[in-house]
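In what follows, subunit A forms one complex with subunit B and a second complex with subunit C.
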Partner chain A sequence: MNIEVQITNSVLALPPCHIPGCGAIARFEGVVRGIEDGQPIAALEYEAYLPMAEKVIREILTDLNELHPFAFSRVHHRVGVVPVGEAAIILDVHASHRAEAFAVLSKFMDRLKRDVPIWKVRAIKEARLS
Partner chain B sequence: MNIEVQITNSVLALPPCHIPGCGAIARFEGVVRGIEDGQPIAALEYEAYLPMAEKVIREILTDLNELHPFAFSRVHHRVGVVPVGEAAIILDVHASHRAEAFAVLSKFMDRLKRDVPIWKVRAIKEARLS
Partner chain C sequence: MKVLYFSNAASLAGCREEHWEIDSPISTEEFWTEALRRHPQLASIHIQSRLASGGEYVPQKGLLDPREEAAIIPPVSGG
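Coming up: the complex of A and B.
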């Protein structure tokens, strides 16, 4: 099982990738929405405690692999200012069959929110961005 | 809620697409594996009963939208000969939040296999493709 983690200030993109033997690729993209706490926003700003964030992401995936074996997973998380309509996170899971891929994708996102030291530090309003 | 269905002989590709208000994009790609029924293969051949397949795909998504509201979904299914390592199906679901997107993605795939008139008609062995 291989894991690729990137935490970056740049726009996210996962290039297409097919792993031999994998019949299932499940992917999730979390995009910044134009509303935060009921108010219109222009962007969200994220911060990470970098070495720990990458370590915990790898631990979660290693843990999920025990129960739902998969071949490869990429987790790319953006930090800094992420404008509305752009992705804050993209991940994918490559597995033999779809049940494992779906389980890892969904459980990873739950644990990311709970355990990984990456935070929304502020919402940036329209006027402040322009 | 909008639905896009394509059933095609061509290589599949879903171009990137962001729908305003959608914070979650879940996507699944079903790829032909090199083994079918324990035997090495070079490709699978799919056939569809076209008008019915598209109609049933739309019905399933409309049905799932009642329970798990989403904004947009694309289902692209390939027919004809699909070589190992290429996608037979790609779908995505765009929703406000990830719970709905994951539920639709996973339940759609279960119902596709059961209800949609698209079949694997044969496995093509290495020697027959070369």
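Coming up: the complex of A and C.
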């Protein structure tokens, strides 16, 4: 099982990838919505505690691999200012079959929102982002 | 001991990093006593926050090693 983790200020993009023996690739993108707490926004700003955030992501995926074996997973999370419509996180899971891929995808996101030290630190309302 | 503050812990403390003069391991309770003495505003997030030492979460009854970086981890909100 291989894991790739990136926490970056750059726009996220996962290049296509095929792992021999994998018949399922499940992918999730978490995108910044235009509404936060009922108010229109232009962007969200994220911060992370590095390298702890990367370490916790790897630990979660390693745990999940024991229950739902998979071959490869990529987790890319953006920090800094993320404009509305752009991805704050992109995750994919490559597994033999869809059941494992979907299970890891869903459970990982639940664990990320509980344990990975990454925060939305502010919503930016201005149309012009700084 | 190097102490890091993130997210609303940093806003409430008014800083992102401090150095505490501590030379032996301290309990989580002793850590919070010192943190709240320095920054009483942290009381508003004390209950919901976790502590990390050396990049790992510290159990409620655990110890923080002064040689390791410590951090206050408010409720996370990634993704």
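Simple rule for what comes next: the second predicted complex is superposed on the first by the 127 of 130 C-alpha atoms of A that agree within 3 Å, B and C clash if a C-alpha of one lies under 4 Å from a C-alpha of the other, contacts with A are read in each partner's own complex, and residues count from 1 in each chain.
The working rule: a residue touches a chain if its C-beta (ideal position, glycine included) is under 8 Å from a C-beta of that chain, and two chains touch if they have at least 3 such contacts.
These figures come from a predicted structure and were not determined experimentally.
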Classify the contacts of A:G30 with the two partner chains as first (subunit B alone), second (subunit C alone), both, or neither.
both
A:M109 in the overlay: touching subunit B, subunit C, both, or neither? Say first, second, both or neither.
both
Let me test your reading of the model: by the given contact rule, A:S96 touches which partner, first (subunit B), second (subunit C), both or neither?
first
Is A:C22 contacted by the first partner subunit B, the second partner subunit C, both or neither?
first
When the two structures are overlaid on chain A, which partner does A:G85 contact: first (subunit B), second (subunit C), both, or neither?
first
Between subunit B (first) and subunit C (second), which does A:I3 come into contact with in this model arrangement: first, second, both, or neither?
neither
After the superposition on A, what does A:I118 contact: first (subunit B), second (subunit C), both or neither?
second
So the subunit A residues that subunit B and subunit C both touch are 30, 109
In the complex formed with subunit A, which residues of subunit B make contact?
18, 20-35, 85-86, 96, 98, 101-102, 105-106, 109
Can you list the subunit C residues touching subunit A in their complex?
4, 6-8, 52, 55-57, 71, 73-74, 76-79
Subunit A contacts subunit C in the complex at 30, 46-49, 51-53, 55, 77, 88-89, 109, 112-121
